[in-house]
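Both complexes below contain subunit A, partnered by subunit B and then by subunit C.
For the complex of A and B:
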C-alpha cells in the first residue's frame, strides 16, 4: 500500500464520524441529505431543492487534489513549484498534489479528470495563471471527471506571483503556498452548485449597418437566426459607400455595398431599423432588454422595447478630421483629406485629361501620411477630448498609394510626391501598390515622426510651382531640408473610434487605451467583449481594411450563432440565497437591493403561523452581495462567494506554513 | 535581533476592475512586495464590518479595498461600500486599531501605476504602525458582531441558535 493510499485511508477514518457515503460520488444525494438535516425543525417550509444547499455545519469529506502548473517556466522559474506541492500535501484535506508543465494542456486536464475518478477527489485546486484565462478550462476538466464544477478553485500564481515577484523567489513561493492554503480553505466550505438556466432568445441585435453589420446580419440570417439591424443613418452601407475602389481587388466599393444591402434586404430573417439608435441596454446573454429610439419622418421619435439574446457591436469608426488648421486644412482650399480626395477623383469625368480642382489644373500633388495617427506626445496636439492617437490606422498607406497610382495612370502630367514615416503596405497584394507607385514615378520623401513636414501657402514667385510649399527634412537624403511646391495636398487621415460612449456605459464594455472596443483576449477569445453575449465586428475594435472587417464580422456571427445552439443559457450560480433556518424576517436585506424583483419578502408558514421571510429570484439577482452584509443573523449569503469562505481563505493566508520534513513522497510528473 | 516587520497586506480586488488591474501589473512584469495577497471578489459590499476585524484578528495588518469606483457594475453597491468603510474607519480609529490600516480605492483594469502606488502607500503606513494588536482586533470584531445582532428586531429562529454565529 502506498503512502498516499495510507493517508487516504486515514482521512476516511478521521471523517467517518461526520459522513457516511461518498459525497463526491453522489452529489445529489448529498445535497438532498443536507436539505433533510436542515429541514428538521421546520418541516412545514417548502424548500426548493435547487436553492437548498443549506449549510448544516457538517464538514464534508474532503479529498482535495492540488495541481501546480509550471507554465513552461513562466511560473517555475520563480516559484519553487515542487516545494509548493510538497507543502500543499500537508494541508488537511489535501490528498494529491502534483506538478505539471502545462496543466491546461490535454494531458494536464486528463491528469485532473483521471485523478478525480481514481482517487475519488471531491475538490480540486489548480494553481496556474489568471482565472480569466483558464478557470473555465479547469471547471470543464473537473466536470469531465464527474465532479461539480463549483467545487473547483483557481489560484493565480503567475500574474500575481511569479511575474509580480520575479526578484523574490522565496517570497513568491511562500505566497503561492498560502494562496493554495486559502483556496483549500474556501473549498472546505464549498457546496456543489448548479448553473442557472434561463431561456435563450434566439434573436441577435446588430448595431451598425456598415459592411461589418451587414455581413454579420447576412451570415446570421443565413443560419436561420432572426436579426434586428439598427443603423443610426438613414441608409445602409456606412463609409464604404464613399470609398471608391476596394484594394487589392479594385472592386467598386459602392457596387459591393449595394450587393450586400440587397442580400440583407431580401432576407426575411432581418428586420432593419434606419435613423435609429439603441438608447438603453440591460440584462445578460440570452436575455438582453434593449430600447430603440427611431426618428420618424415627421421629426418625432418613437421608442420600442425589444429582447435579444446576443449583441454584435458593428458601430464602426469615424474618419479623423484635421483640427485647428493642421497642415492648413480648411485654411487652404486645396488641402483635402483622403476620403475627400477619393470623392473628388470619383466626381471627375472618365475622359478628363488633366487633374483639376475648383477649376485649377493640378500640376503637382502631395500625399502626406499619418495625419491623426501615430501621434507623439509633445509633438502633436491632442484632440479636444484629450486623446492622442498613438496607433497606426493601418489602411491609409495602401489607400494613399492606390490613389497616387490612380493619379499617375489617369493623369500622367501630374507629378506625385509622397511624404511618409515609412510605408506599411502589409497585407496580401498591398505591397504591389508600393512597387507600382515607384515604377510610375511617384517620388517618396521620408520624415521622422517627431519632425513632421511643414506646409505653407506660397505667394508671389515662391508660388510658381504650386500654391503650397511643403518643407520636409528628408531622411532618405540624410536629413536634408527640402521644399516642394504642390497645387494640392492630400492628408492621409486615419480612423478614430466611433462616438458610442452611451452604449459603452450602458453595456459596461471595456475600451482600450486607443478608445476602441477591447476584446477579451486577442488569441483565446477573439471578437468577444468582456460582457458575455456581446461581440464586436470590424472597425469598432480597431482600424481594419475591408477584408479584415468582413472576416471579423463573419467570426462574430459564427460565435453569436453558436450561443444560440442551446435552448437555454447557463449562468454562473453566483446569486444570493436565504438560509430559512436563520431568517427571522428582519427585511433589512430587501432595503439594500437595487434590482427590482430580485429580493423580496414572502409569506411562509412556520409552526402553523404565517411569517415574512426573504426570498431571492435567482434569475434577477446579479450577485453583488449588498444584501449580505446587513443581515444580523447572516441568514443571506452569496453562493460561491460566501463570507465564511472568505474568512476561511484569510485563515489560510495567515496560518503558519507547515514544514515539509514529515511529508510523504512527492508526486511529480513531467 | 528581531526580524524586520513584514506586514501582511490583503487586497480585496473586484472581478471586473481591480483584479484584472492586478493581473496587468504582473503582465507588465512590474513588481510589488510578495506579502500582498489578492482575493477576487464580485463586490466588497458583501462584507460586514466584522469581517474586516476578523481579518485583522487572524493576522492581516492592512487591507486595500480595490474596487471599481464609478465603474462599479452593480447599482448602488459602490456608494453602500463607501458608506460602510467610512463607518469602519471611525470604528477602527475609535477602537485604537488605526484608520490607516484600511484604504478604499478604485483600480481599473489597466491601472498599473495606481495599483503600485496604493500598495506602496499602505505598506508605508503599516511600517509606521507596526503589527496589529490581534486581541484588540478580536475584541472589536466581537463588539461589531454584537452591535449587528443587537440591532435585530426579531430573534434568530431557534433552530439556528444551536449552530452559533458562523
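For the complex of A and C:
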C-alpha cells in the first residue's frame, strides 16, 4: 500500500467516524463538519512531559474505543461533544472516538459491538449518563462484541458535566475531556475479570402476611418456587381484614383476604411461620442466612436458621393515628379515624334505620380529608418522631367517598359533609364514587392546604345541627368562612411507614424522605431495593390501594422468579484480593472489615512454616476498600478498582489540556 | 435481534403491543426462560414513552429509561419482535390460542437493510412526521426516528413519489416495491394484551376551538416540543414559531366529562402537566405558566412533593374548569374561566399565546371484535378476578398497562411484571400440574 493510499484510508476512517452522529437532521452542518475534517490532518495533542509519561506504558496492542453520547441534547446542549471526541482521539491508545445521539439506543450499542469486531478494540469507554442508568447496558454491548465486560469504563458527563455546569459550557467540556482521559488511564491498567458464580438457593423469604406478602407467596408457589412466609402477628391477612369493602368492586374485604389465605395455606410450596420475626440477616443474593425468632404458645421463643435466595419485603404500612387533640381526636368521643368509622359501620345491624354512635343519633356527619397526609411545615404538627408526612396517602379520598356514599344510601336522613383540598379519585371506577356522592347529596367544601378547617365543640346541649362545629374557609364560595354543625367527624387518616427499623438496619436498606422503603429506580428497577436480592412489595414502598398492591406483589414475584431461573447467581467481581507474597499476617484488614465473614485469617504454609494470612470470601465482600486503605504492605487490593488504577485516573484528571487557547475556542464554538 | 419466524415457531406467550407495558412483561417472562413474541403495529417498539421528553417525578429523560428496555428486549435470546404487524384475531380452543397476524408491507427487505439511511437522504418526498406529531417532516422512506428499534428504513406508500431513487442508492438492494401484506398465524399458550392507549381527539370539545388555531396543542405534541431532540430543538409555538410568553394548561380537556363520553379520570394528566410546566419554566424562564384545574391528583410516590415544588417555582395553579377558548388577534387565545378565587369577578378572561389541552386516555385497541377478550363499559379490558387483576375473562389471555385503564409509567411497569408472573404460573401449572401444591 502506498503512502498516498494509507492517507486516503485514514482520511476515510475519519470521515466515517463523524458520520455516526445524527445525520439527516442537520445535514448542512454535518457536511460542513466533514469538509473541515477533509481540510487536513488533526491537530496533535501536545502533552506536557509529566502528562506524557502517563501514557508511556501504553502497549502497542491497546486499542481503546471512546463513545460520547449527546443524550438527545441533555449533554450536547452544554458540552461540545465533538470537541471531546477530537481530543479523546489524541489520547495515546485511543483509536476510535465517536459521537452518537443516544449511545444507549440499539444503533448506538451496535456501533460499539461492531467496532470491537472490526477495529479489534480491547477497551471501551462510554461518556454519557450516570453508570447507575447504563453501565449494565454497555457492559452487555461490549460482551456482544466479544470483549470482556470489565474492560469497559463508564464516564458520567451528564450529571457531572452538562447538568452540573449548565452555565459554563467551556468548563463542562474541559471537565468531560478530563474525565474521559481518567477513564482511559484506568482502563490502561485494567485486567479482564469474570463474574463470581455461586450456588443459588431457590427459595424465597417473604416478610409480612398481609395481601402483598400473600400474593407474592402465592405467585411464587404457583410457579413451583418454595416460599417461607413470616408474619409477626398470629394470623395472616394484615390490615385489609378490617377494611369493609374494597373499592371499586365492592367485594367484601375479609372474604377477599380469606380467599388469598386459603390459596396460600393450600400450597405445599409455602411454609408459614406466624408470631415470628426475622431477627438477623446476612449473606447475599442467592445465599441469605436468616435467623427467625418465633413466639411459642407457652410464651417462650424459639430460634431457627434458614437459607434463602431472595427476600421480599412485604411489611406493609401503619395507619396514621392522630395525635391527641388533633381535630379533637380523643378529646371528643365522636371524632373517629377512617378505619374506626369503617369498623363502626360494619358493626351496625343491617336493618338499622338511623346512623347512631354511642347511643346517639348522628344527624350530620363530616369527613375531613388529608389527616396526617400532605402535611405542610409550619402548619401541621410533626409526629413525636419528628416526621412530617408531606406525601399523599393515595387511598383515603376514594375510601372517604365510598363511606360517604354508603351513609347517604343506608341512612338518607343523615347529612354528609366532605372537607377536602382536592378529590383524588384517580383509579379505574373511582371517579364514579365522586359523581355518585355528588348526586346523592354529599355536600363538598374545599379548603386550602395551609388553612385546614378548625373543629370546636358546639355550645349548648348537642348544638343545633351537631355536637361539633367545623369552621372552614371554603374555596368554592370564594373563601367565605362557613360553620357546619355535625354529630360525628371522620378523620381521613392515611398510611405511615411500618415500624421495621430492625429489619432496615439488619439488611442495610435505604428509606426515602417519606420513611418508606426506597426502590433503586421507580421505572428501571421498581421492586428492587439497593441490596441485591432484596425486593419490595406493596405498601412497604409507598401508599397503594388493593389493586396496586397486588400488582406490586406480582412484579416482585416475577423478579424473584427471574433470579431463580439459573442454577447459579452471578456477582460483580469487584472484591478484595490478597497478594500472599506481600501479606505479613498482621490482620489489620480483618479488624477494619465491616462485613462479617468477608475477611478472615487462615493458616497457610510458607517455606515449611504455618503462618496467618488474610483470606477473602468473595460472596460476602462488598468491595468497599476499607481493607486496602489500612494495609501497610499493599498486600490487599480491589479487583477492578486497584490503587494503581486510581493513580492513573488522577493523572488523567490532572493532565493539562494542551492549548491554553482551547477553552476560549470552545466558547466560540458554543 | 430476532425478527424472523418460521412456521415451526411456537412462542410460550404472545405480547400484543411493544410499548412499555409489553416490553416489561416480555422481559419479565423472557428472564424466567420463556419464549415471547412481541407484536407491534408501529414501525418501532417503544410505544408512547419513547416519544416523551422527561418523565415525572424523577425528571429522567424518557429516552434514557425506554431505550435500555427496548434494547434489552431486542437483544434477548428469548424474545422475538415483529413490528409493522397487527393482530387481526385470536382464536382460542383447547387451551391454545391461534393469533392471526397481518404484516404490513414496508417495501424494504429487513434482512438486507443495514440502516445506512442512504435511501432517506436521497428521497425527495416529505410528509409531516408522525413521530413529531406532524410538527416536522420526514422523508417517504426513512428510519422511523433516531432511537427506533429496529433501525430499518420503511417506505410510506402513500407519500412515495415512485421515482425509484431509493432503489438506485440502496447499497444492499433492499428495496422491494412489490411487497404485499402477509398473513401468518402463531400458535401459543398465552397472550398478554398490552395494547396501550390513544389520546382522545383534540377537537372533541367544539367550545375549545382547536380547529381554528394551531396554538392549541395536545400534551403529546408539547412533549415533542420539549424533547431536546424534538422538531425544533426548543419550544416554539406552531402557528408562527414565536417563543411563547404565556402558556396555559387546560386540565380535564378530555376526561371527567360525560359530554364527551369520557367520565373517568385519565390519571396521568395532572402530573404530566406539572412536569411540562416545570420543564417549560426551565426552557422559557420569562414565560407565565398557568395550570387550570379542578383537582390536582398527585397521588403517587413523590408526586405530592413534585406538585409542591412546582408551586414553589412560581407556576400558577388556577382552580376552575375552562369553559371556552376563543382565538383572538395575532394567534393568541382567550380563555373563559370561572374563578373560584375572586368573589367579585368570578367570570374571567385570560389571554395566552400557547394552550395545551390535557386530552384523555382512551383504549388503543378494541379486542372484542375478533378475540375472546371482553371490555368493560369504559372500553378498557375487563378484569374480573380481584385477587389477580391481570387476568381477563378469556382463559389464557392476560392484560397489562393502559389496556386495562389509564395508568402512568410507574404503575404500568408494576402491572406488566404482575401480568408476566400470572402468565408464568399459568404456563407452569398447565405443563406440570402434578408439581403444583
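Note that in this section the second predicted complex is superposed on the first by the 546 of 670 C-alpha atoms of A that agree within 3 Å, B and C clash if a C-alpha of one lies under 4 Å from a C-alpha of the other, contacts with A are read in each partner's own complex, and residues count from 1 in each chain.
Convention: contacts are C-beta pairs under 8 Å (C-beta built on N, C-alpha and C of every residue); 3 or more make two chains touch, one makes a residue touch a chain.
Being a predicted model, the structure only gives us computed values, none of them experimental.
**Q** Based on the superposed arrangement, let me know which partner A:649 touches: subunit B (first), subunit C (second), both, or neither?
**A** first
**Q** Of the partners subunit B and subunit C, which touch A:488 in the superposed model: first, second, both, neither?
**A** neither
**Q** Identify the partner contact of A:581: answer first if only subunit B is touched, second if only subunit C is, both if each is, neither if none is.
**A** After superposition on chain A, A:581 lies in contact with subunit B alone.
**Q** Subunit B or subunit C: which reaches more residues on subunit A?
**A** The larger set of subunit A residues in touch belongs to C.
**Q** Which partner chains sit in contact with A:310 here, subunit B, subunit C, both or neither? Use first/second/both/neither.
**A** After superposing on A, A:310 lies clear of both subunit B and subunit C.
**Q** Can you pull the subunit A residues that subunit B and subunit C both touch?
**A** 513
**Q** Inside the complex, what are the residues of subunit C that reach subunit A?
**A** Residues 1, 28, 31-33, 55, 57-58, 60-61, 63-65, 67-68, 70-72, 74-75, 115, 117, 120-121, 146-147, 149-151, 227-229, 233, 256, 263-265, 267, 295-305, 308, 319, 340-343, 346, 378, 380, 386-390, 404-406, 409-411, 413-422, 424-425, 428-429, 432, 435-437 of subunit C touch subunit A in their complex.
**Q** Quick one: in the complex, what on subunit B touches subunit A?
**A** 8, 10, 16, 20, 22-23, 25-27, 29-35, 37-43, 45-49, 51, 54-55, 58-60, 71, 73-77, 80, 84, 109-110, 148-160, 163, 165-166
**Q** What part of subunit A is in contact with subunit B in the complex they form?
**A** 40-42, 55, 57, 130-132, 156, 158-168, 171-172, 174-175, 178-179, 182, 508, 510, 513, 530, 574, 579, 581-586, 592, 594-595, 606, 622-626, 628-630, 632-635, 638, 641, 643-644, 646-647, 649-651, 653-655
**Q** Would you mind writing out the residues of subunit A in touch with subunit C in their complex?
**A** 22-25, 27, 70-74, 77, 101-102, 104-110, 129, 133-134, 136-137, 140, 144, 215, 219, 221-224, 246, 249, 251, 256, 259-260, 263, 266-270, 374, 390-392, 394, 422-432, 435, 446, 475-480, 512-514, 516, 521-524, 526-527, 541-542, 546-548, 550-559, 561-562, 565
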